[in-house]
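A, B, C, D and E label the chains in the order they appear, each numbered from 1.
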Amino acid sequence: MIEVKNLHRHFGGFRAVDGASLEIETGSITGLVGPNGAGKTTLFNVVAGVLPPTSGQVFMAGEDITGLPPHTLFHKGLLRTFQIAHEFSSMSCRENLMMVPGGQTGETLWNTWFGRKRIADEERALRAKADEVLEFLTIEHLADHKAGQVSGGQKKLLELGRTMMVDARIVFLDEVGAGVNRTLLNTIGDAIIRLNKERGYTFCMIEHDMDFIGRLCDPVIVMAEGKVLSKGTIDEIKADERVIEAYLGTGLKNKEAVG
Amino acid sequence: MRTVLLFGAVACLILGTGFLQSWNSALLILNMGLISAVMALGVNLQWGLAGLFNVGVMGFVALGGLAVVLISMPPVGAAWQAGGGGILLGLVLGAATIVAAVLVWARTSGKLRGWGTAGVLLIGMVIYRMVLDPSVEAVEAVDPALAGYLGGLGLPVLLAWPVGGVLAAGAAYVIGKTALGLRSDYLAIATLGIAEIVIAILKNEDWLARGVKNVIGLPRPVPYEVDLQNDPAFVERAAGFGLDATTASTIYVKIEYGLLFAAVLIVLLVLSQLALNSPWGRMMRAIRDNETAARAMGKDVTARHLQVFILGSAICGVAGAMMTTLDGQLTPGSYQPLRYTFLIWVMVIVGGSGNNLGAVLGGFLIWFLWVQVEPMGHLLMSLITAGMADGSWLKAHLLDSVQHMRLLTMGIILLLVLRLNPRGLLPER
Amino acid sequence: MSGNPYQDDRGNKDASITNPHGQGTLIASGTQVRPMPGGDGPFLIGENMTGGYGKAGPDILHGCTIAVEKGEIAVIVGPNGAGKSTAMKAVFGMLDLREGRVLLDGEDITQLTPQARVRYGMGFVPQTSNIFTSMTVEENLEMGAFIRTDDFRKTMEQVYELFPILREKRHQAAGELSGGQRQQVAVGRALMTQPKVLMLDEPTAGVSPIVMDELFDRIIEVARTGISILMVEQNARQALEIADKGYVLVQGANGYSGTGKDLLANPDVRRSFLGG
Amino acid sequence: ASHSNEIKMGIILGFTGPIESLTPAMAAGAEMAITEVSESGKLLGGATVSAVRADSTCVDSAAATAAAERLITSDGISAMMGPDCSGVTGAVLANVSVPNGMVMISPSATSPALSAAEDNGLFFRTAPSDARQGAVLAGIMIEKGITSAAVTYTNNDYGKGFADAFQAAYEAAGGSVTLSAPHEDGKADYSAEVGALASAGGDALVVLGYVDQGGAGVIQGALDTGAFDMFAMGDGMIGDSLVERFGDDIAGMIGTAPGSDNAGAAMFAEMATAAGIDGTSVYAGESYDAAALMLLAMAAAGSKEPGDYQSKIFDIANAPGEQILPGELGKAIDILAAGGDVDYQGATGVELVEPGEAAGSYAEFTVEGGALTVVGYR
Amino acid sequence: MDLLNGVVALANFVLIPAIAYGSQLALGALGVTLIYGILRFSNFAHGDTMAVGTMVTVLATWGLQAMGVSLGPLPTALLAIPIGILGATALVLLTDKYVYKFYRAQKAKPVILVIVSMGVMFIYNGLTRIIIGPDDYRFADGERFVISARTFRDMTGLEEGLALRTTQVITVITAIAVVAALFWFLNKTRTGKSMRAFSDNEDLALLSGINPERVVLVTWLIVASLATVAGVLYGLDKSFKAFTYFQLLLPIFAAAIVGGLGNPLGAIAGGFVIAFSEVGITYAWKKVLVYMMPPALEPDGLVQILSTEYKFAVSFVILVIVLLFRPTGLFRGKSI
């Protein structure tokens, strides 16, 4: 689905991403882990069009998408969620979802004046779909609440819900787990798996919680110092000496002993 | 409910002017209030809907004014003969130079890029000046006291209103494309600057609209009072109302203007309301709430901002054209940022940013105060100084300062509203 | 968005007029500079705290009590939005309490401003934006020692020993560090005040496992020097491991409390809050 | 009853704005004429005449229009003295006077463009068009052997029109203008303008601006950098603050402003002094004359209706008839009442030419020993 | 000799005026940039703050002059500056107390403060005019020139004169001194560092025991002083007129933004960039070229790139070009 070729992104003299090459297979849930400062978020930002690359290329299903702006990528089916939820806070949860699909008739000014009928039909369909998604996420009771006033975890669900409003091909998740209560995280994990299975979404997620990664992801890519260090199943990764040294540390063993 | 009450209150103020001072004054305030409301509507579109901070309203208003001259004044034949072609050619060359420079910039790289672009610009500029300057001189030499410019197209003046909008929109496109395209958004300073440049061009390019020599006697969309007074039928009808011909004709003309302005305001208001309560409006609110997320959800934020900026500016342009039509003359020297930019902002903020009706209300209310604060200030100062000895220095000084109360009052009103009613008199929803 | 009309910027991002960088969100309560006589009890206690954001905002805390003893580690866990961060802010005086009080070392500090509390020996590392990004690492530490009038070289040396990577990067702008390194700067900054109590809001969020272990180790070390530690953690299991005392907050009120071990052993708590 | 016996005259001048230092004397001048007539008790069977002031701001046409509108529709004036600056004069004429059929005489609007304005015979001015002043100033300079000059003018209709007129006349007389550059009033810095003017060079710098505004700034810059030491100036620059500010630094300068050496000027100055006004202030005399003309025309027509008396203004101002000087308004009314004819001279030797403006006579000024002095009239 | 004449002409009409004007802009821009950096909004009332400070100084100067106090060759106004600063500070602090503070407590978004500052601008605007009136006032006295053009010509025998005004020299010296002091203050002193910390992260500054109100107070103090000094120097060099100070806002903003908002060094650089472009690009280079070029190549036109009417357009275009290539200004914005 996504192929990153020899990607560089430098900040001044600093090489945040330093020749990373990786592939994300269609239909997979790929994990992206690595020590702090490895360049994961930066890589994400370059792929999602937020930052221009210093050099290198990004392909999506064989098409060169290097440096395209986020909104263009969205229409190609590349979606992302944010580490800190980016809800539209003054709008209701339903509206948060309804605004997602692109190319709505009513988004063209002219049509808002002379195409009222068509808009009304479309809106009905959108509304039905949004309610469906809310139900899927088990937050249908929040449909009319302002998105700014629901809890942090619910906002994250909403983030995920937005990806369900259109037919996404690949979704990038930036640390969905950070700061999320574990119980809720499990719900989110379930949702991700269902989307992957039922809708065929490809996922790529940055995460530090190895349990969560372990439950969802195959394969897992490890980054360090701007490069790809290794790639494999979670067990392969956990066994990889270089990964243990750079990222997991030996503390992991103790922890497992405790847990 | 609140809306009705507040609009009622403003209506009372204007009616009060009619009863206490004169109906002519009241109608004049009403007409300028209508124009101000349109301007406020434009600024509200930009600020209320998209958070775009336009501090160059004056420039767009002035462009609207220019449109009136370009459309409605008769062409000056002699001037066209003297240098019309040359000027047009010069302008085309100038535009071509910029296009060429941009192309060179885009197509080349390395050292060649900088020098090549600079070279193209320099050579282009020289040719442009060589073609333009003599023609301009020739045009400006044609009867400078009365003409000295190319004149307009001699078309009906009402046509100038939409054209004013188009002119303003064109300028807004260039500014928006540049300022909104920068890595961060630098719209405020860009508009502040462009407004000054527009005024500078209006003042100094005499061939365009006589520059500071002003164009007076612009055609009107309504009859002339004198003609009415000479029309026996009109005089008779006026007499039927118990009015003398002069008063009747002046009031009649003002009412006609008022109807025209009101029509424009209502059309614009309806269109904006329709747009606001539609997926388009929802998209704009989403962008306002969280730009990054909107972008990631496939909304082209820059394009939408540009769209709103252009629309808002166009509305200001239309208002500018209406105002110049009402004035009957274009006087570039009278465009002042305090009056045409900051005052409009006060209208929007006081009225209620994000609420179109609020902006309209603000337009009426603030314009009323702007006009009436001076007489009210007089009264106030007379009261304050009543106890002071006649001829005392302070008393004289205070009475002299009355006209400056205007600015002070506007500031105080703005601050009070921002403090007590930060969303404005008519808040958004 | 809190619905505060004064904070409605309509999405304006105009760089030529506004600079949203680093703007504060905390509303400091308190007016006094001296603590009042209080009573006996734990070293630091927020007692029966009730309050919310702003003058008119809804209550977020409902009679919540949190305490920590000298040299001990207390951990607050709970679902998102339970009010953990809010409780921390309340203890630190960045929120108007409508009821309840805060005692430090037997003195009532409820009416103190946050600055004054720093002077009385409290240190706080917020959940996010907890470093001065445009200042160098060293300047960050200096700012931590802002209220100190004595020589703080030695403390700085200690911080560098605790976090050696910081010594390497001392002249680099802190904003250029990675997430984990920033977290270390943040804790280092708080330690520079030589606090008696250190309050940490999710110090390990977004930190790689290796750094997390490192941080927990350091935190234990800090506690051993006699500094009380009050922290919020989502990595609840590791945190409760090392905690002397644990609180589970639910909707702004105490749900469960006990020693770390007790809570870990409580099946209810495990199921509802620790993810099974 | 009292209605018919009360005549109000609007005085609309820029009490705020760029010529605010000139307007108080102008208004006072007009009010002198009003008081004189009123106290004579002879006009229209003893009507009292009073003045109503309004602010034209000199630059803001909308404000001026509103003020004029108020004068006519709510104060009920019968004649309008003003406005002052050419821009607002055009606006008030087109939007207020013509629609309402109000006679207005501007004492100081000098733009050549106004000669062609559509006015229905309602608009007059006691100041001559700048076209003439430009020629006068150019003539003086050529006479003095100054054959090349740089010109800077205030960037408005007055400055621009004046500069154009000057340049045309100067070049026709054999002079050469090295650069004609405008300056904006109230701007931060004039170094750029001074630099360009200095570079263009010339024997003198011609400054056609306002003394309270950018004009002084440019002169200051030119003096400071030593770019010019000979100056020529138009009427907007002739004022007390000029010498207050520059004193002998501009000794020998050439200045022109409307003025005449007829007996009336001296008489007016004397009357003004007695009334505590500076009668030599620019346009004060013109203002007196403007007010007087309208009042005498009323007397001649026997009506205060603008429509009735507008046609009489030319008759009053020009020969034949007995010459009338300032202070003789009562006498004039008597003559008119007796069916006689008057030729109003007033403070400025009024002589109207078509389409209703002063033929124009100018005083030539210079600075000598730190004082502004008149050296002759033309 | 000719070459020397050319250089002198250039210095007299371009370099010296531009340096002096640039310093004035720089001092103004410094105030704008400080507020932007620390209080986080562009202060539309800054031009009028300058006007108020200068107005008080003018009144005080008149007072001093009436009392017969003088500084000899230097303008008396220099003595009155402290009073002006006091006046401006008092007004600004009062404004802060009754206006801005409320919004700070509400954690209002910066753009709200921008709008508030527009209101304040209106009020200051009216206030100045009510107190001193809208006219042009001159309050410079003492020796006007260090070297006048005539003296210079007599001294050197050159054709071209070189004038150096006392106020220009004072302006440049003050600008340098003020900037150096400000740098030292911000980077070396505890209070200065705490201001940088506050600018960086308000909440964290609070947590470090930095008193925000003190930072704000010190900021206003510095800003009011800068505004007064800038305003007085400007007024001495030209003249005092309330409206002009409002007009100054645009070049000052342009300078601050070209330099990189929030960066004091940038404000200085920006001031000079704007001043030099205004004066340089609209200068008629003929005068200099005549001296420099062989007679055969002497230009017959004025060699003026753009006429003076468009001098502001120049600085604006330069602003846009700078932003296109360096989106955060010449010096990276935001490093107070």
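By our rule, contacts are C-beta pairs under 8 Å (C-beta built on N, C-alpha and C of every residue); 3 or more make two chains touch, one makes a residue touch a chain.
Everything numeric in this text was worked out from a predicted model, so none of it was measured.
Considering the contact criterion stated above, the chains in touch with chain B and with chain E alike are C, D.
Common neighbours of chain B and chain C under the contact rule above are A, E.
Contact count check for A-C and C-E (C-beta pairs in contact): higher for C-E. Note on chain placement: the centre of chain A and the centre of chain E lie 49 Å apart, centres being C-alpha means. Here the CA centre of chain C is 43 Å from the CA centre of chain E. Inter-chain centre distance (chain D to chain E, centres taken as mean C-alpha positions): 38 Å. Rounded to whole angstrom units, the spacing between the C-alpha centres of chain B and chain D is 32.
For chain C, the set of residues touching two or more other chains reads 1, 6, 8-10, 12, 14-17.
Contacts with at least two other chains are made by residues 51, 53, 184, 186, 188-190, 203-204, 288-290, 422 of chain B.
Annotation for chain A: residues touching 2 or more other chains are 89-90. Pairs of chains that satisfy the touch definition comprise A-B, A-C, B-C, B-D, B-E, C-E, D-E.
Only residues 4, 6-10, 12, 14-28, 92, 94, 114-115, 118-119, 123-124, 126, 129-135, 139, 142-144, 146-147, 189-190, 193 of chain C touch chain E when the two sit together in their complex. Every residue of chain D that touches chain E in the complex is listed here, in rising order: 16, 20-21, 155, 179, 181-184, 186-196, 198-201, 212-213, 216-217, 220-221, 224-227, 241, 245. The touching residues of chain B, when paired with chain D in their complex, are 21-25, 28, 32, 144-146, 203-204, 206, 211-214, 216-217, 224-226, 229, 246-247, 249-250, 253, 323, 327-329, 331, 333-334, 336, 339, 371, 374, 403. Chain B makes touch with chain C in their complex at residues 47-53, 184-190, 287-291, 353-354, 422-423, 427.
Remark: chain A residues 11, 14, 33-38, 83-84, 89-90, 148, 151-153, 175, 178-186, 208, 210, 246-249, 251-252, 255, 258-259 touch chain C in the complex.
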